[in-house]
Every structure is written in structure tokens, then in C-alpha cells.
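Shared between the two complexes below is subunit A, which has subunit B as its partner in the first and subunit C in the second.
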Partner chain A sequence: MRHSTFFWFFLPTGAAMLLFIAFPLVSVVLQSIYAPHPAVLIEVENCTPLVGCTTETTIDQDATRELREREPLGRFVGLEIFFDRGHLAITEAREAWSSSQSWGEYFDKLGNLPFYRAMAFTLTFTFVVSPLVILLGLIIALTVNALNERLRGLVIFFSLLPFVVTPLIGSLVLFWMIDSRGILGSFIQFLAGDPSLSLKASTGLMWVSIIVYGVWHAAPFAFVIFYAGLQTLPQDQVEAAQIDGATRLQQVRYVIVPHLMPLVTFVALIQLMDNFRVFEPIVGFNAQAHAQTLSWFIFNDLGGETRQLSSASASSVLTIIGVAILLSPVLVRTWRDFKGKV
Partner chain B sequence: MASAAQRKPLGLRITIYGFAIIWLIAAAFPFIWTAWGSFKVELDFFSIADWTYALTGERTKAEYGSAFTEAGYRGAWIQEEFWRNVINTFIVCFFVVCTSLTFGTLGGYALSRSGHKYTFWLLITALIFRAMPPITLVSGYLLPFFEWNLWGILPTTIIVLVAINQPFTLWMLHSFFQNIPKELDESAKVDGCTQFQAFRHVIIPVMWPGVITTGLFSFLLAYNDFAVTAMLLSEENRTMIPEIAAYLGTTYTEGNVMFAVAAVVSATVPLFILVMFFQRQIVSGLTAGAVKG
Partner chain C sequence: MFLKKIALAGTFAALASTTAYACEIGARVSIVGNEFPAIQTVGAGAQECSGAEVTTNLTADHQKINVPGMQGNPAEYTSAIIANSSIVALMNEDVIRPLDDLVAKYGGGLQKSQLITINGNIMAVAFMANAQHLMYRKDILADLGVEPPKTYEEMLDIAKMIRDKGIMENPIGGAYAAGWNLAQEFNNMFLGYGGAHFKPGTAEPNVNSEAGINALNMMKALSEYMNPDFLTHDSNATNAEYRAGNIALLNMWGSRAATQTTAEGVTDAVKAGHAVAGPMTVGGGDTPASTLWWDGWTVAKNISDEEAEATFVAMMNGIRPDILQDPEVAKQAVWLIEGYQPTEAAVGVFEAAKMGTTPYPMLPYMGLMHTALGNELADFMQGKESAEQALADVEAAYVAAAKEKGFLQ
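Entry: the complex of A and B
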């Protein structure tokens, strides 16, 4: 294909991505290093004959407007926003480091800083949910593969529901069930023998519920992928393993899992990306008092009357750096493969 | 044709069927329960007295004389005018799917047919864009959209959703196009077609399964989006999902939780129908990306 032909074919999608992904990205970075101008204040001295002179501080509207027009980006502050208390909190983190006796105490203190708290939950969620999804997806795939044909279709149909459903709706449906007056909530109270037990009141239980939601939502995805992989499993290998006397568990361990390994990598990659952006369950579970994620943190800054764009941008940049670190092994590998091919 | 070696012992069969049933319940029960409960009053669905009320509808009977009531739906659809949000959602989804597919098929086709090195970098860039949480871009949209008076209206949201969906659409269609032999369009070109004519008359007709599958996923991405629509749409233009989120704030205080439950069930119905009719395409779409790696 000639370069010019390629260009015209690629133009619409390229332009859309350039205008609405690449440019906003630049703008986010710029906003994170510029703070909005404060209003220009002037002191006016009012002298009245009898009272005497008083000085009054007012906003100089003209000067403020002029300043904003002269430097529309705002005041350059460098990395100040990144280091302030709402984000990396360098000062507070250093203080916590010098005043802490142990690692535990240090992490406790970091956990009180909003950004680190959001980061802690996001990372916990990502690294607990992703392996569980792969494991559960594999078990469901093996199970469904052993069912008879007619049942398979039914199980696949219902399995797709938690995955396809809107995350906010899915989390609300679960949240209403685990409400202390909902069916699961009542059941858990009955199991624990504690009628006042409420998942909403406990940070630990809230974390567990959100993680359960995450696994419930994503397991069908892993299941479908692995199930498709099982259909291409070479039967002669399984038979050879059987002839060699491998037990069922050994067949899974030494024949099936290695066959599915490329798919496991794929699912892990997608899961890391998707779980790192977890956001809707926090809204659906009304969990912000107990668990916050980076996406929720940005959303919270953006919402409401005071849209704190600079703060949200700084969090966005930090989140993107986090995604980049998370994905770097994959990107490096892809690049090596590519270099190997050329 | 199970050979003797493959026949499963009874214990294993019980485990398999037991687990399948447990998973089936875990996947389906929450939806069935919520759909059932949406026809009850709040004191039945969230029953303090006795959980069986949610099944029998004691309070609903006391209040409306029958075990089922459509009060929640009436409240959501008529009183809160949920139908407006439903219409908005379908406008957004329709245009997002059409535009995404048009842009995506052109781009994906070009990527799959050009052997130049930059295609690799474009695909990697798309992968990185796909990995970024959409909410991180929103703070970049707000200022220009406010400045140019584009904020709050449906077309802006549609084009933003199209752009956010492009990386995914490109990857998916690219992998579908790779499965179509290059000889097909090359022979068309030998017969005197331009590249675009070859694409239009030779490739598109055999591409429909891939296009439909990709369209389904574009639809899901647009339908399920919360972060972008919640931030970019004004109150009167809201789609279903941000509207439901907005209910949460007001209904808990006003005691209208059943409105939200009814709205949630209403918003699940199209997805249910989608899975019912397009199960095969969804499965093949999920695996198409995976097999290619």
C-alpha cells in the first residue's frame, strides 16, 4: 500500500485520536504544571474627611483579566502540584519517614494521605483481582468444557451477563444485595450471628466486597477466552499424557495450562489495564469513605462546583505514569519481538 | 465418544456439576433477584423484618393489594422522566457505533494491508491509548469545551466516545482483516480497482461478521460508559448511566430507592436482549483479540 493511500485511509481514525486523545493528553500535562492565576488584589485607601483613612483590599478586575489573557495557561508552578499534600505529599511523606519507628508505622502514616490511600486500594484491587479472575476463569472453563453440549450454551449465556452488564449497574445490583437489609446482607448477619453487622460500616469488609465484585465482573471474560483455548487443545497430547499415567490434575498442570499460557498472558494484560482503572464500584458501593481509587480520586476533583482542574490533571498524569510502569514489561517484550522480526 | 480412560468417576462428575450450578447461580441470581424485587415496595426489597418478604411481597400486598407493583417503574419513567435518558442513550450509542465502525474499518484495513514500519508504531500507540483510563483525559477536555461552548451537548460526547473507542476498534478490526487473504484485494487491484474500490466492493462484503462483532463492542463501550458521560453531559442531556448515578444521591434521602432499582432493571434489559441474540458474536469477538495475541 502506498503511503498516500495509507494516509487517506487512516486519516479519520488518526485525526479522532490525535484531537481527542493526544491533544487532551498534552493539555492535561500542561494543566498539571500550571496553576490558575489568583485574583490580583489591590489596596485602595479611602479617605473621608471625618473618619480618616482606611485601607481596603479589593480584587482588581481589570488587572486580573489582563493577567489571565496574557498568560492563559496560568501561573507556572513546575512540579509543585505534584508534590503538594493532595498528591505525592513529599513533605508529609518525609516527615512520616523520619518520625516512624517501623515500616508498618510508616505505611500507616502514608495511608492517611489521600493520594497514597487511593493508590493503595487501586494496587490491592489490581493485584488481588487479576490473579483471582484468571484462576476462577480457568476453573469455570474446565468445568464447562466437561459439561454436556446442551448445558454449555446455557452456562455461557448466563456467564456473559456479569461481564456485559454496565459496571455501575453490576455494582449497584450487588450492593443492594449486600445491604444490611438485603438478602446477602441478612444471610451474612445470620452466619456471623451478629444482627448489627453491616458491610458498609467496615473498611475491611468493604474492600472484600469490592474485590468480590471485581472478580464476579471479570471472571466471565477470562472464562470465555480460556474456553475458546480449550477447544483447540490437541487431543493427542492429552491422550499421550493419559497413556503415560498422568492423573487428571497432572494433565491440567502439564498439558492444559501450558497450552493456555499465551491466553493467560493476554488475559493478565487486559486485566491489569482494566483493574487499574477501577472506578464505578466505588460510586455504586458508595464506598469513598473506606476505599478510593485513582480514577475516583480524579473524578472527585473534577466534579462538583469547584472543578479543580490542576489537581485532577496532576492525578491524571500520575495515574498514566502508573499505567506505563504496569505495562512496561509487555511493551518491552513487544518491542523485542518486533525487532526480532525485522 | 468417551473412551474408558476419559470416563469420569462419580465424585468428579458431582464436583463438576456442583461447581457449574454454583457459578450459574452466582452469575444469574443477582439479576433475577433485582428484577423480581423491582416490582416490590422498598420495605419488601430491603426487608428489615423478614427476608422472605422480598419473595412474598407482604408489604406490597398491604400497600397495593397485590404482590407486584409497577410503582417503581412509574416513578422512574414518568415522574423522573427516565425515558428522556433512554432516548439520549440510544442516540449516543447509535452514532458512536456508526462513526466508530466507519473510522475503524478504514483505519484497521489500512493497518492490516500496509507493510510499512509505522503501522507497528501506530498499533503500539493505540495500545497505550487503550491502556489509559478515559477519566484521565477528561480534565483535558473541560477547558476547551467550556471555552467553545461545546460542553454538555450530545455531539461532543459522541465524538469523544468515538475517539476513546478507536484504539480498541482498530485492534479488533485489524485482527479480523488479517484473517482475510491479501490475494483477494490484490486480484481486485489487478483487475483495475483502486485501493478504495477494492476495499468497498471486495473486502467489506466478506467483512460483515467482523464488523458486526466490533459494532457490538463499540455499543457496549458507549452504553456502559460512566466516567466520560457523567463529566461531559449537562443535566438535561444525561444518558441512563449518569442519571442512575444521580438518582443515588437524591433517592436515598427521599426514600425513592425503588425508582433507582426500576431504572437499573430497565437499563439491564437491552443488555440482556443483546446477549440473547448475539452470544456467538460476543464470544467470537472476545476470542478474536486473544488468538492474535
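Entry: the complex of A and C
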């Protein structure tokens, strides 16, 4: 391909990538290293109903506007926000290290810092949900594939439903079902023989509920991908394995799974990314007392009465870095395979 | 007598029709605000205006969208309905305009107490007052032979009696959902114990104090009598528990008092037994463990003068005195509108005002403190850490946020 042809061919894609990927990245990084100007505060007299007039502190708008016009980006803080207590908490983590007698005590203190607490949940969620989704998706795909043609359409439709339901709605539905007065909550109380058992009051059980929701929601995605892959399975290989006396399990292990391996990689990549930025179930389950994630921090920073844009941007950058680290093994492998082929 | 009545009715009809004609606007109006019955009434009143389109977006998520929706030029929302906590965010970002000129031109029917004045400028027009106060089941308390509690200590005693008698397992309700609600309950209790959130005249936090520890311990004691899921219960969920007859005592918003028995599925026992009283004190203090609020509306800065004028006129129509002639509307809130006669549902808020309840602090950095409290107190409520540690965490989280926003160096 001539260079000019390539250029014109690539231009629309390149422009879209620049606009929708590169610029937002630059913007979010910029916002994370700049913070608002120091607030100019003044004492003023406020008058409100039922209370009358009182002296209160407020922001001096004229002085603040002047500061803003001079330096519209705000004040440069470098990595200060990344290192503060709401994020990597460098000072606090170091202090926890020097004041701890044992590893247990150290992790305890680390767990009290929002970022590390969020990481503990996010990583647990990611590394439990992703493999389970792949496994469950594979099992459903194999089962559906073995079904009678007539039944298949119906079963596919119903297996896809959890994925069709909007995540927030899906988690809300489950949230009410596991309520101590809900159908699942009451059933679990009955099973455990403990009428005061509450899933929502225990951190451990809340984690389990969110993980169950995560698997329930994402398994159909893996199922659809694997099911599509199964349609391309060469029948002669399966027949050859059958003639060689392979059991059903051996066929799956040595013929089907290797055939689906590129798809497994694909699903794993998407799942790692998706699960690392888990968000909706935290909101849907009202779970912020038990489980927090980086995405939830962003939501919370922007949802308070005073919005913290710099802090939210720093959390976004940390999320991007986290996803990059998680995906690196898979990406490195893909790159090696590619080099091997050339 | 009969003629007099007819004449009176005729005057009212004439009044109603003149005001209806009066609301004629010449530019778009777009309102964002919280959703509870009184605000829906005001929004509907503004929408009665003719001549241009009036749209409303009333949602519990209003404070997530009002600042971004007013920062553009022209602003998407021409008016935000806010309370004394959320006006601070709009003031901090400088997105609302002074209303002095519009009040002079169109604000004839307003009472002076409705005008929220900040630094000499009228920045908002208040239309209702609000406070959290006691709601209780008078039938259950009467059976026990006790008076409604005046203090949180008494509330605990009564809760114990109800549990011991086997009437209810978890008789106390509270909007203790981690986040904004939990922080608000802490604010109530903290002020009740005489605490102040900041060191005087500075943005330095001051919650890790004796008052803070007492407040947390009292909240913990109350939570022992709550549904174990309390950290997920916001006002709506708490009210649902009350309406279902599962709780007998709760500290709840006055703006919810009138509708407490009108929702679907309220049991007859709750309908007959529902009663309200003033806020409670705590720890022998005189100031109620509650906060005083007003709700009002503002006009955006980044809009044309015609739009500002249209917005003001439409909002004035939403809070015109004759909306109070509808008895349903009259009991929706403690209206600050001229001619308002307190209804039975208003007793709690009036009592709160009379008892000298502290208003919710209107400080530029209070929002950050509220967020920090909401995030860091849940660990203590679950028994995972001590009160001192939780409050130290709150202060550390607040300081990090305040440094970022430039309130602390």
C-alpha cells in the first residue's frame, strides 16, 4: 500500500481515535495534576428564614474570578493528588509500615485507607468473577450446543436475559430479593435457621452477593461468544477423537477447549477490564459501607455537594493504569505470538 | 350569610383567575430540583405559565446535575430548587445571580423572611422550612403508658420496653444509609451534643472531639434497635419500614410527615397511630439533635435577562399564596408563604424552630466534611473500628479533600 493511500485510508479512524481516546486521556491527566486555586474566603452577613441574620464565611467571588482568569487551569500540584490520602496515601501507608509490629497489623492499617480497601475488593471481585464467568459460559455453551434444535432458540433467549437487563436494574432486583424480608433473604434465613441473618449487614456476605451478581450478569456474554465459537468447531476432529475412544470430558479437554482458546483469551481480556471497573452493583446494592471501588470513588467525588474534579481525575488515571497492569500479561503474550508468526 | 359565602367564593375565583392570567412569560424556563411532594407542587405551579415552555427535572439526584447544568453558557437550567446545604455548591461555583432587581419588580407578594440574603444580595427565595424530628406510633406508646420521648436517652428506654414486651423486634428507624444520610444523622447528634464542625473562623476540622465520640456512641446504641440492614436504609426505605408497621420511633424529615400515611400499602394500625412531635435533645443539652433547613429557588447566572425574568415570574407563580387553598398542598410542607396556617403535620418543624435548632451550616467547605463523614463512619457503625479512629479518618479524609479544593494549605 502506498503511503498516501494508507494515510487517507487511516485518516477517519485516526481522527476518531484522537478525538475520542487521546484527547479525553490528555484532559483527564491534565485535570489530575491541576487543582482549584486556593479559596479566597470572606466573612459576610447571611439572612435566612426562622433564624435571622448571622455572620458566615463564604467565597469571595470577585477575587476568585480574578485568580481563575489569570490561570484558567487552576494551580499546578503535580502528583500531589495521586499521593494524598484519598488515593495512593503514600505518607499514611509509610506510617502504617513503620508503626506496625506484624504483617497482619500492617494490612489492617492499610485496609483503613480508601484506595487500598477499594483495591482489596476490586481485585477479589476481578479474580473470582472472571474465571467463574468463563467456566460457566463454557458450560452453558456446551449444554445449549448439545440441545435439540427446536429447544435451542428458546434456551438461548432465556440464558441471554441477565445480560440484557440494565446492570443497575439487575443489581437492584437482586438487592431487594436478598433483603432480610425478600424472597431469597428469607429463604437463606430459613436454610441457616437464623431469623436475624442479614446479607446486607455483613461485609463478607455482601461481597459474596456482589460476586454472585457479577457472575450472573456476565456469564451470558461468555456463553454467546463460546457458542459462536462452537459453530466453527470442525466435526471431523471431534469424530476422530470419538473413534480414538475419547470420553466426552476428554473431547472437551483436548479438542473443544483448544479450539476455543483464542476466544477464551478475548473473553478474559474483556472480563478483566469490565470487572476491574466494577461500579453498578455497588450503587444498586447500596453497598458502599462494605465494598468500594475506584469507579465508585469517581462517582462519589463528582456526586457530593462539592465536586472534586481533580480527585476524580486522579482516580480515573489510576483506573487506567490498573487496567493496563492487569492486561499486560495477555497483551505481552499476544505480542509474542504475533512476533513468532512473522 | 349564604350570600356572604357566595361573595367570598366569587372573590376567590376572581383572585385565582387573575393570578392565572398574570403568569405570562416570554422565554424558556427550565427547573432542576429534588423530588418530594412540596417541590412537585411548586414545579407544577411554574408549569401553569403560558407563553413559553416550562420544563422541570425533579429528581433525588438533583445535586449531582445542578452545578454542571448551570455552568454552561447559556445554562441548561434557568432555576435550581435548593436547600441551605446545596446553595453553597452553587455559590462556590458562582452560577446563580442576585435577585434584588427581580424581587423589586415582581416580588411584591414575598415576605421578608423568604429572602435569602448573602453578603447583602438576595440569592434565593425560600418557600418552605424543614427539619428532622420525631415521628412515632401513639397507639403503641399509649399501650405502654409512656409519653413520646423528649430525648434520645428516653427513646432508647422506650425501644427497650417495646422489644422486651415482644411488640416489635427492632422498634427504632433511622435513615442510616452509608453516605449522605449517615453523615446527616451524625451532624444532628453532634450538634445536639454541642459540637462544632470546624475550629472557629477556619476550615480546620473539629469533629474528633468529645461531642463527636458521644454522638457516635449514641448512634451505635440506637442502631442496636434498628433493622440490621440499617446501613442500606435511606429516608425512603426507613419510611417503608414505618408504613409497614415494623418500627415505632424514628427521626424523620418534616417534609415527609403529611404523606407518611397516604402511600399505598400503609397498614390501618399505622394510619391510626401515626403522630409527630418536635426533635429530641441528647446528653442533657438544650439544643435539639437536629438541623433546621429551608428550601428555596434560585435563578441561573448564565442566561439572558428575558429568561431570568421569565424564570422568576414562573417560580413566583409556583409559590403564589393561593396554592395553599388546596388543603392537600397546605399540609405538604411548612410553607413560608404568606397566609400559611400550620397544619397538624407541621408541628414537628415548628417545634424545631421554637426550640432553637441549629441551621445546617452554610459554609463553603461543609459539603466536603459531609462527604468525608458519609464515607468514613460506616466502619465504626459495623463495629470494625473505634469511634476515635473513625473520627480521625474523617478528619484525614476531609483535610485531603479540603487541600485539593484550596480551602486548606
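As a convention for this text, the second predicted complex is superposed on the first by the 278 of 342 C-alpha atoms of A that agree within 3 Å, B and C clash if a C-alpha of one lies under 4 Å from a C-alpha of the other, contacts with A are read in each partner's own complex, and residues count from 1 in each chain.
The rule is short, and it goes like this: a contact is a pair of C-beta atoms (placed from the backbone, for glycine too) under 8 Å apart; a residue touches a chain by one contact, two chains touch by 3 or more.
Note that the structure is predicted; figures quoted are calculated from it, not measured.
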>> If we overlay the two complexes on their shared chain A, which of subunit B and subunit C does A:Pro262 touch? Say first, second, both or neither.
In response: first
> Quick one: subunit B or subunit C, who's touching more of subunit A?
Replying inline: B
>> Contact-wise, after the overlay, does A:Phe20 reach subunit B, subunit C, both or neither (first, second, both, neither)?
In response: first
>> Looking at A:Asn286, would you say it contacts subunit B, subunit C, both, or neither? Reply first, second, both or neither.
In response: both
>> I'd like to know which partner A:Arg307 touches here: subunit B for first, subunit C for second, both or neither.
In response: both
>> According to the stated criteria, A:Met119 is in contact with first (subunit B), second (subunit C), both, or neither; which is it?
In response: neither
> Which partner does A:Ala35 contact after superposing on A: first (subunit B), second (subunit C), both, neither?
Replying inline: second
> Is A:Asp179 touching the first partner subunit B, the second partner subunit C, both, or neither of them?
Replying inline: both
>> Quick check on the superposed pair: does A:Ser198 touch subunit B, subunit C, both, or neither? Answer first, second, both or neither.
In response: second
>> By the touch definition above, which subunit A residues appear in both interfaces, subunit B in one complex and subunit C in the other?
In response: 179, 286, 302-303, 307
>> Considering only the defined contacts, which subunit C positions touch subunit A in the complex?
In response: 61, 63-64, 67, 84-86, 88-89, 91-92, 94, 113-120, 126, 129, 177-179, 201, 203, 227-232, 234, 292, 294, 336, 353, 359, 362-368, 370-371, 375, 378-379, 381-382, 385, 389, 393, 396-397, 399-401, 403-407, 409
>> Using the touch definition from the top, list the residues of subunit B that touch subunit A in their complex.
In response: 5-6, 8, 12, 16-17, 19-20, 23-24, 26-28, 30-31, 33-34, 37, 45-48, 51, 54, 102-104, 106-107, 109-111, 113-117, 120, 122, 124-144, 159-160, 162-164, 166-167, 169-170, 195-196, 199, 220, 223-224, 226-227, 230-231, 241, 244-245, 248, 260-261, 264, 267-268, 271-272, 274-276, 279, 282-283, 286-287, 289-291, 293
> Across the complex, what residues on subunit A touch subunit C?
Replying inline: 35-39, 41-42, 44-51, 53, 56-59, 61, 64-65, 75, 77, 81, 84-86, 92, 112, 114, 179-180, 196, 198, 200-201, 203, 285-290, 300, 302-308, 310-311
> What residues on subunit A touch subunit B, complex-wise?
Replying inline: 1-3, 5-6, 9-10, 12-14, 16-17, 19-21, 23-28, 31, 139-140, 143-144, 146-147, 151, 153-162, 164-169, 172-174, 176-177, 179, 181-183, 186-187, 216, 220-221, 224-225, 228-229, 239, 242, 248, 262-263, 265-267, 273, 276-277, 279-280, 283, 286, 294-295, 298-299, 301-303, 307, 309, 312-313, 316-317, 319-320, 323-324, 327, 331, 334-335, 338, 342
